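Letters are used for the chains, namely A, B, C and D, taken in the order the chains are written, and counting of residues starts over at 1 for each.
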Amino acid sequence: MTLDILYFAWVRERVGTHKETVETSAATVADLLAELQSREERYALAFSDLSAVRVSVDQVLADFDASLENAREVAIFPPMTGG
Amino acid sequence: MTLDILYFAWVRERVGTHKETVETSAATVADLLAELQSREERYALAFSDLSAVRVSVDQVLADFDASLENAREVAIFPPMTGG
Amino acid sequence: MAISVQKEDFDLGQAVRGLVGERTDIGALVTFTGLVRDTADGTLEALELEHYPAMTEKALKEIEAQAQERWNLSACLIIHRVGKLEPGDQIMMVATGSAHRRDAFEAAEFLMDFLKSRAPFWKKEHTASGADWVDARESDEEALERWQR
Amino acid sequence: MAISVQKEDFDLGQAVRGLVGERTDIGALVTFTGLVRDTADGTLEALELEHYPAMTEKALKEIEAQAQERWNLSACLIIHRVGKLEPGDQIMMVATGSAHRRDAFEAAEFLMDFLKSRAPFWKKEHTASGADWVDARESDEEALERWQR
């Protein structure tokens, strides 16, 4: 499937891009992260501490074991600091 | 002693005056209220339900058994409804 | 640290700007504004506010001092109007500024709970059928209890 | 019922007047304003706010809907700025209006607790010695827990 992946804050800085489109067969968010980490050092670095990373699937906060079935857009970012 | 007595809200309306100066030898607020009640019907009416009445001595909220020693100003009013 | 009892209306934005000024140590600012609420049947013509001037300032300063003692407040403001107001009019406001939001929120609630039943103001509602003094609410006394420690 | 994400500053008084309008059923109005707080050593040059536009509106609407469901709110407003701000600048505000103060206070605190760690904003502090992303605070996660029932 084709997936848009967005990165924010220091995750964006470490990955080096704001948005990319990937072809993947990952079933869950965790699978997708593992796939990216195995692909290039910069992903491995950005996701090295998963406790410091949050994800959303189609603009809704999700767990790492969330399914990517029918997903269009995944975003990866640090804990939010709004307000 | 000479005491200024102030009345507010419906206590003021029932007593019929905002402020008066009285000569009294009342030792406590309760004594003063009893003295006023015995003096005239309008006081008896205004203070008939003491649970609906609050008092201050020299601009500080006080209990009915508060001493009037050295007091200059007593105010009698319903529970406050600020804010 | 600022208290005003006045007949005139106030502007929330202006009051807060005056309170914050050029300061950069305030991260959180909470305001409460009390407004004249119409009666359920929509017949309120005016709300009249009476107060005890000699006691008001003393009471407000005491309430403010207690808030300052309990929370880390960088800024604190109380404005209370008196006189005759109409439905929708602003009655009063408090503003509390602090480094963090918890202090600002709690202090504002504390100020309001004390203002409601410990500051010498009385409200009279005028409707077509006459005028009535607003009764104190049992729930306002209960609200005070949670601050007793 | 009103949400805005914007670069421009806002005026608290104007925002609240717009929210209340000609209504006469709001007795209590609470606002929270977040301001750019300088670092302890006074070296903050700017605070940069990044967000995730496609998700922001969704998240804010969801948070607001939850507040509406839990409390009797007559009016609700969220304004959040993005971009580069300076110490003392306003970052964001919420306003909640209700018949009574308890609803307005609790709903405003609820909105803030969720905005802090469930709305997709990230803050970066720029000082003379460089730029650093602001860490999420443990206490903000704890603040959320009290709303879980």
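Operating definition for what follows: a contact is a pair of C-beta atoms (placed from the backbone, for glycine too) under 8 Å apart; a residue touches a chain by one contact, two chains touch by 3 or more.
Predicted, not measured: the structure shown is a model, and the values here were computed from it.
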| item | value |
| --- | --- |
| Steps needed, at fewest, to go from subunit A to subunit C via touching chains | 2 |
| Centre-of-Cα separation between subunit D and subunit B, whole angstrom | 48 |
| Whole-Å gap separating subunit A and subunit D, where each centre is the average of the chain's CA atoms | 26 |
| Residues of subunit B touching at least two other chains | 83 |
| Two or more partner chains touched - positions in subunit C | 34, 101, 112 |
| Chain pairs in mutual contact under the definition given at the outset | A-D, B-C, C-D |
| Subunit A - residues contacting subunit D, complex | 6, 8-10, 56, 59-61, 73, 75, 77-83 |
| For the subunit D and subunit C complex, residues of the former touching the latter | 11-16, 20, 22-38, 42, 44, 87-88, 99, 101-102, 104-105, 108-109, 112, 143 |
| Contacting residues of subunit C [partner subunit B, same complex] | 34, 50-52, 54-55, 58-59, 80, 91-92, 112, 115-124, 133-136 |
